[in-house]
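Letters A, B, C and D mark the chains as written, and numbering starts fresh at 1 in each.
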Amino acid sequence: MCPPADTGEQHHGYHSEKGAYLRRMGRIAGQVKGIERMIESDTYCIDILTQVSAVTKALQAVALGLVDEHMTHCVLDAAKRGGPEADQKIKEASDAIRRLVRS
Amino acid sequence: MCPPADTGEQHHGYHSEKGAYLRRMGRIAGQVKGIERMIESDTYCIDILTQVSAVTKALQAVALGLVDEHMTHCVLDAAKRGGPEADQKIKEASDAIRRLVRS
Amino acid sequence: MCPPADTGEQHHGYHSEKGAYLRRMGRIAGQVKGIERMIESDTYCIDILTQVSAVTKALQAVALGLVDEHMTHCVLDAAKRGGPEADQKIKEASDAIRRLVRS
Amino acid sequence: MCPPADTGEQHHGYHSEKGAYLRRMGRIAGQVKGIERMIESDTYCIDILTQVSAVTKALQAVALGLVDEHMTHCVLDAAKRGGPEADQKIKEASDAIRRLVRS
């Protein structure tokens, strides 16, 4: 998910991770559907809340994985190449982490 | 979403809210699908993170609405009826809030 | 910490808990002082972050305890007495939980 | 707060930020003392919760600042130098962000 504009080097080992992220998002989509069905069938709200917390946790795990991947690939590669691109990638990462912590 | 085991009184005004919750979950399901497509098409990970944070925020808003509804209906009604049911409803609410804050 | 304006009934069993909360806040104050010393002595920022996360967790635990106490005492008592006071207490609790989840 | 083991280059511009962090932690220490006094004087628990949320937010802002500084200085410098040190610094940052998001 972090292809730089100019090189394709860090694609190696990428496809297996992409499949893993898609499977995780697929499970999250299923959980969201499950919550819709719970609301539809008037499930007790505490049980719905338990499911909402589980989905939130699963989404945060995906986000933390993406942050890690962003830093290991995009930030590191940009830093090695040097120049303003590295600063920009780090600025983007900081802003994303900020949104994540506050979300 | 908070029908007590024994009475159905607090159902009044319920159906309109149920529709609103279903619409919100429908939008969240759409956002989750959107994230899957972003991963599929190798979107830049920072842009995916922005979407993941948006979905997390939307889920937390749903959860906070459910907590509020639980307290306004289930807890309040149980407290008025008195007895151990009220304590149990509050205990359940506390546990759900704990999971929510920690998720 | 939840004395209602008009009665003092739920004070029973209160003083021991108050002592426990004061001890917890005292420990948190000590941790905050420790972080100040870490910054002063140029400690590695990752180690400071670990301490900041620990203090945040400790504060959240205090907050969750206070929410629980508020619901078990203030909300429950107001609900038993009935009237608009119960709605207001629940509204206050919902707002506090919202701030807590979003903080 | 991010002096590398072997060089001191990124100290430039550091002292002013250190002063700012110390002032922020000083304010947080004052807020924590204020919460202790609120508990001591039996303040209404919702008002205490408001203060606890404010302190949590202030601590998170400090943590986000430290993460940003860590990436802008430690991670970037290590990445430029290359070698396993960069991977380790990024791993440390990821772990710290994980603790932060989950705290």
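Things worth noting here:
Assume a residue touches a chain if its C-beta (ideal position, glycine included) is under 8 Å from a C-beta of that chain, and two chains touch if they have at least 3 such contacts.
Model, not experiment: these values are computed from the prediction.
Most remote from chain D, judged by the distance between CA-atom centroids, is B.
Each chain gets one centre point, the mean of its Cα atoms, and the points for chain A and chain D are 23 Å apart. Each chain gets a centre from the mean of its Cα atoms; for chain B and chain D, those two points are 31 Å apart.
Chain C and chain D have CA centres that are 22 Å apart. Among the residues of chain C, those in touch with two or more other chains are 60, 63, 67, 93, 100, 102.
Arrangement of the chains shown, judged by which pairs touch: one closed cycle in which each chain has exactly two touching partners.
Looking at the complex, you find that chain B touches chain C at residues 60, 63-64, 67-68, 71-72, 75-76, 79-80, 82, 86-87, 90, 93-94, 97-98, 100-102. Against chain D, in their complex, chain C makes its touches with residues 1-3, 18, 21-22, 25-26, 28-29, 32-33, 35-36, 39-40, 42-46, 48-50, 52-57, 59-60, 62-63, 66-67, 69-70, 74, 92-93, 95-96, 99-100, 103.
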